[in-house]
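Presented sequentially are two complexes of chain A, the first with chain B as partner and the second with chain C.
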Partner chain A sequence: MRLELGKIKIADVQFSEETKVENGTLYVNKQEIIDLVMEDDHIVKCVVELARPGESVRITPVKDVIEPRVKVEGPGGIFPGMINKVTTVGEGRTHTLNGAAVVTCGKIVGFQEGIIDMSGPGAELTPFSKLNNVCVVVEPKEGIEQHTYEKAARMAGLKVATYLGKAAIDVEPDEIVAYETKPLLEQVAEYPDLPKVGYVYMLQTQGLLHDTYVYGVDAKKIIPTVLYPTEIMDGAVLSGNCVSACDKNTSYHHLNNPIIEELYKKHGKEINFIGVIATNENVYLADKERSSNWSAKFAKYLGLDAVIISQEGFGNPDTDLIMNCKKIENEGVKTVIVTDEYAGRDGASQSLADADPKADAVVTGGNANEVIVLPPMDKVIGMLDYADKIAGGFDGSLRPDGSIEAEIQVITGATNELGFNKYSATTY
Partner chain B sequence: MSKYKVVHYINQFFAGIGGEEKANIPPEMRDGVVGPGMALAAAFEADMEIVATIICGDSYYAENMENAEAEILEMVKSKSPDMFIAGPAFNAGRYGTACGAICKAVKDNLGIPVLTGMYVENPGADIFKKDLFIVETKNSAADMRKAIPKMAALAIKMAKGEELGSPSEENYIERGVRRNIFREKRGAERAVEMLVAKVNNKPFVTEYPMPVFDHVAPAAALKDLKKAKIAVVTSGGIVPKGNPDHIESSSASKYGKYDLTGFDYLTDETHETAHGGYDPCYANSNPNRVLPVDVLRDLEKEGVIGELHKYFYTTVGNGTSVGNAVKFSKEYAQELLADGVDGVIMTST
Partner chain C sequence: MMILITNNQRVAETFGDNIDLHFMPEKTYQEILLYARDRIHEGYKLLSHPLSGSVKPNETPFKSILISEKQQTLDYDSLVIIEDSLATVRKFNNNKITPKWTESILDDFRVIDLSLIKGAIEGNQ
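Then we have the complex of A and B:
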């Protein structure tokens, strides 16, 4: 499968009569977005606001972040199984509004929603402070059940991202990058002397606000499967607004998976990138056993020499991470795991809930328990009401002046476990 | 500006009193510098001064720990110093352990910054590196000339309350504390580079060496369940409706103790979960799913268990550090013992 990603660089976002891209500015028709979101009867109100890098703006409670994309050549459409038909994607050409994103927010569904600051110390910890964000603030119908609200908010974000993506169809990309992975036997034959490398993609599947969708299927109902890396760039894997904000993989993270990107950079030079094994992080022990058995089986079956394993979330999924690592190493396949840490606010406790001597190659996105003070911002998109309640907040997190003292856990993407950031931890 | 006042601790050998044959001398305090204190004082230049030196025999300390510690603490207190420094002890085991123990006692009791120095394999380093800053020295006093400036530099920063850098920047032994940093490359790039090194059998450095956990041996089985008082404890976050003590949804800093008197079962009217790490809908609609009061009451009525303890203890396990969890359980385990509880059912999520 060969996919060209045509990146249209977006440096600004503005409201306008017409939704379009011109000279690096994304123009947005506010009312068309509102109308699109209000198609869903579960949503009674929708507000659209813009947030640009450097502004004194706080967006919260953030559910998902999505990069607008559109397929311009090749089979299928973007976000298969969710927005478009379940056609297998990952071939042809896709345009992306690089530098723009849709951010969904609104009253919390659970505890896991996050904060994006567009300036100040919090902005340094989230990649989304560098984007031109179209924020969709939704208000659910009174009394609807949490799962229904989550789905409505999730679909609203995907619909708006699809709508904005369409503005990129006829725009000449600033940069075109091609990615290619061939069918297994051909790919192995192409670089016979390079180590065969795979990627074990652990998807968060612990339940409400801990779900991920693969071609529209709730990933807790899958058994591990194999994907071409380019399928993921077309939205084959999407977030169900999962887990603590700091280490949730938003849909933006999935679309721009940095491990896939970095593996491609060395593809054909130092490694032979064979493909992606997608697996889940279910809560039942039998599911954990089955899925880790299967990821190890696939690693062997595909003839891999080494894999990177990435995690999403923490605590319970630490066991999935270690089970995957141990079983894959036992098959003679070398591993590097990518995780983050919960070492306590003082950094003195064990960072993971599970461990094994075989996990001797670890990349960390930092200690999520670190406390930060986020100064007040001139403008809040969404609402501050939940700062004490969201995961990483505590009684008194929200101070009278509008500043927030909380663990960096509250910051969307701060300790990302796909290695999206430079933030990390070391032993002092 | 006046100089920071330092009290320095050394053993009989470095005080020039004698070797093993003098190791039993009790603590004494002298004004000003003695032995290695001279070089230390010189390295402090204008910032700090050593106002007194406490000398104690290594054997005396080892054999009279409690008394020696109390005596030394009194001596330190009498000088109201800004900082306390011990050693360096290099690879001398008893001396290193004494330096570590006294530093910790001074830090805990007087709340002033403390510093010592020793070889990384000194048993004192292993015991105290988590609690203290210990400047890393070589294994013999031949390293004195190099060790002293390192200790002086770190001591000045600590006395001034300045932010300390990494172990390698400040020359102290790793304390096992995780601190966040920005690295030069993003995590994914580092992961791929690590993988390429590993698959080619080249050296690589893990960013997080695997932790070691305590293993708690299971208690002996209860002899007679029919007479046993059973308590139920959870990390699943079940709390009275409204979460009256505001237990955090993640990284809990506290636990709750709540009365079960009068509850045959829990309902969505009376209880809910504060836990932010799982789908709360099912626990909220029927909290017995996490805290099985309904079934335990049945077992109580059927005579399978003697009685259900009056209180349940609860916290949120989500992202809560092992350190906090240990602290909570040490406290409420004592209460459970005092209340005559024979067995505890712990539920997690």
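Then we have the complex of A and C:
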């Protein structure tokens, strides 16, 4: 499967009469976005605002971030199973508005988190401060239950990203990057002397605001499966919004997974990148046993020499992570695990809720308990009154001057477990 | 029959028929885990992960845990998981205690906890 990603670099975003891309600027028709979102009668109000890098703007509570994309060649459409049919994607050419994103905001539950600061110290901790963001704040009809609101907000974001992506169809990309993974036996034969490496992609799948979708299927209901990496670039894996902002993968993270990107960079040179094993992180322990058995079975079945395993979320996924690590190592396949830490504010406490001697190659996305003071911003997109009730915040965390003292777990993507962030730790 | 240990009213109201319900609204998050830990010592087996969900143990007051019927022997894996989970809960509580939330936020926490345990019960009953 071969996919060309045509990257159209976006350096600015502006409101306009017409939605289009011109000379690196994304022009957005605000009313068309509002009309699109308001098609869902669960939503009573939609506010669209823009946020650019360096501005004194705070966006909260962030529920998802999505890169606008469009398929221009090859089967299927972007976001299969959600926006388009379930046709297998990952082939042909896809255009991306590189440097732009749709950010959805909404108070799905009262305790909220998910902050993107576009400038200041908080901006350093989230990759989304570097993007030209089209923020879509959705308010639900009174009385609808949280699951319904979650779905409405999720679909609103995907619809807007699809709408904006269409502006990229006829634009000549600034850069075209090709990615290719062949069917298993061909791929193995192509680089017979290189180590065969796979990627075990753990997806958070536990319930409301803890879910992930694969081709539109709630991934808690799947058994582990194999994907071509390029399928993920076309939106085969999408976020079901979040309550834990720092280490829940947004849809943007899935589309731009840096582990997949790095494995492709080394593909054919240092390693033979064979493919992705997508697995889940369920609450029920027998599900954890079954899924880790299957990820280990696939690692062996695919003849892998090594895998990277990335975790998503806090707490019980530590158990899935260690189960995957142990069982895959027991099949004779080397593992590197990618996680983050809750090591207390001083960083001195035990980082994970589970551990094993076989987990001896670990990459961390940082300590989510670290405290930060976010200075006041001139403008807030969304609802700041919820920011004192965020995970990692505490009573009085929202100060009268508008500054926030909180743990970095309130910041969207701050300790992302795909490594799409700046924090880590090194052993000397 | 599975045993459902919870301090969450919404969970107690939703399940209770076809399940052995141990509803203890007065217990804290940590006390629910301690209650489960004591049952594990008596031979019950853990069926759901005590740290279900990304909402932190010092953030939500609500917790629901599934355990099996009583077995003949101690399940060591269950004991390791519950003790590791308790260590995590103590770590978070030492960092900061759970805030006093408004009733509407408490109810959102009940909804999240219900959603987490619902997937486990309905997929496996």
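In this text, the second predicted complex is superposed on the first by the 418 of 428 C-alpha atoms of A that agree within 3 Å, B and C clash if a C-alpha of one lies under 4 Å from a C-alpha of the other, contacts with A are read in each partner's own complex, and residues count from 1 in each chain.
Keep this in mind: a residue touches a chain if its C-beta (ideal position, glycine included) is under 8 Å from a C-beta of that chain, and two chains touch if they have at least 3 such contacts.
Since we're looking at a predicted model, the values are computed, not measured.
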Notebook entry, point to check: Should the pairing of chain B and chain C on chain A count as a clash or a fit in the superposition?
Noted result: clash
Notebook entry, point to check: In the superposed arrangement, does A:Q146 touch chain B (first), chain C (second), both or neither?
Noted result: both
Note to self: If we overlay the two complexes on their shared chain A, which of chain B and chain C does A:S244 touch? Say first, second, both or neither.
What the structure shows: both
Item checked: Partner chain(s) touched by A:H210 [first = chain B, second = chain C, both, neither] -> both
Check: Is A:R58 touching the first partner chain B, the second partner chain C, both, or neither of them?
Finding: neither
Next item on the list: Report for A:S349: first if it touches chain B alone, second if chain C alone, otherwise both or neither.
Entry: both
Margin query: Going by the contact rule set out at the top, does A:G110 touch chain B (first), chain C (second), both, or neither?
Written below: both
Next item on the list: In the overlay, answer first, second, both or neither for which of chain B and chain C A:T319 touches.
Entry: second
Next item on the list: Quick one: classify A:N369 as touching chain B (first), chain C (second), both or neither.
Entry: both
Next item on the list: Please indicate which partner A:V197 is in contact with in the superposed arrangement: first for chain B, second for chain C, both, or neither.
Entry: first
Item checked: Greater chain A contact set [chain C / chain B] -> B
Next item on the list: State which residues of chain A lie in both footprints, the one left by chain B and the one left by chain C.
Entry: 110-111, 145-147, 206-210, 243-244, 283, 313-316, 342, 344-345, 349-350, 369, 389, 391-392, 394-395, 409
Checklist line | chain A - residues contacting chain B, complex | finding: 110-112, 145-147, 195, 197, 206-210, 243-244, 258-259, 261-263, 265-266, 270-271, 283, 305-308, 313-316, 334, 336, 338-339, 341-352, 355-357, 359-370, 388-395, 407-409, 416, 418-428
Check: If you look only at chain A, which of its residues touch chain C in the complex?
Finding: 109-111, 145-147, 204, 206-210, 220-221, 242-244, 247-248, 282-288, 313-316, 318-319, 342, 344-345, 349-350, 353-354, 369, 389, 391-392, 394-395, 409
Checklist line | chain B residues touching chain A - in the complex, by the definition given at the top | finding: 130, 166-167, 174-192, 194-196, 198-200, 204, 206-213, 246, 248-251, 253, 275-281, 317-324
Next item on the list: Going by the contact rule at the top, pick out the chain C residues touching chain A in the complex.
Entry: 46-57, 59, 66, 81, 84-85, 87-88, 91-92, 94-96, 99-102, 104-105, 108-109, 111-112, 115-120, 123-124
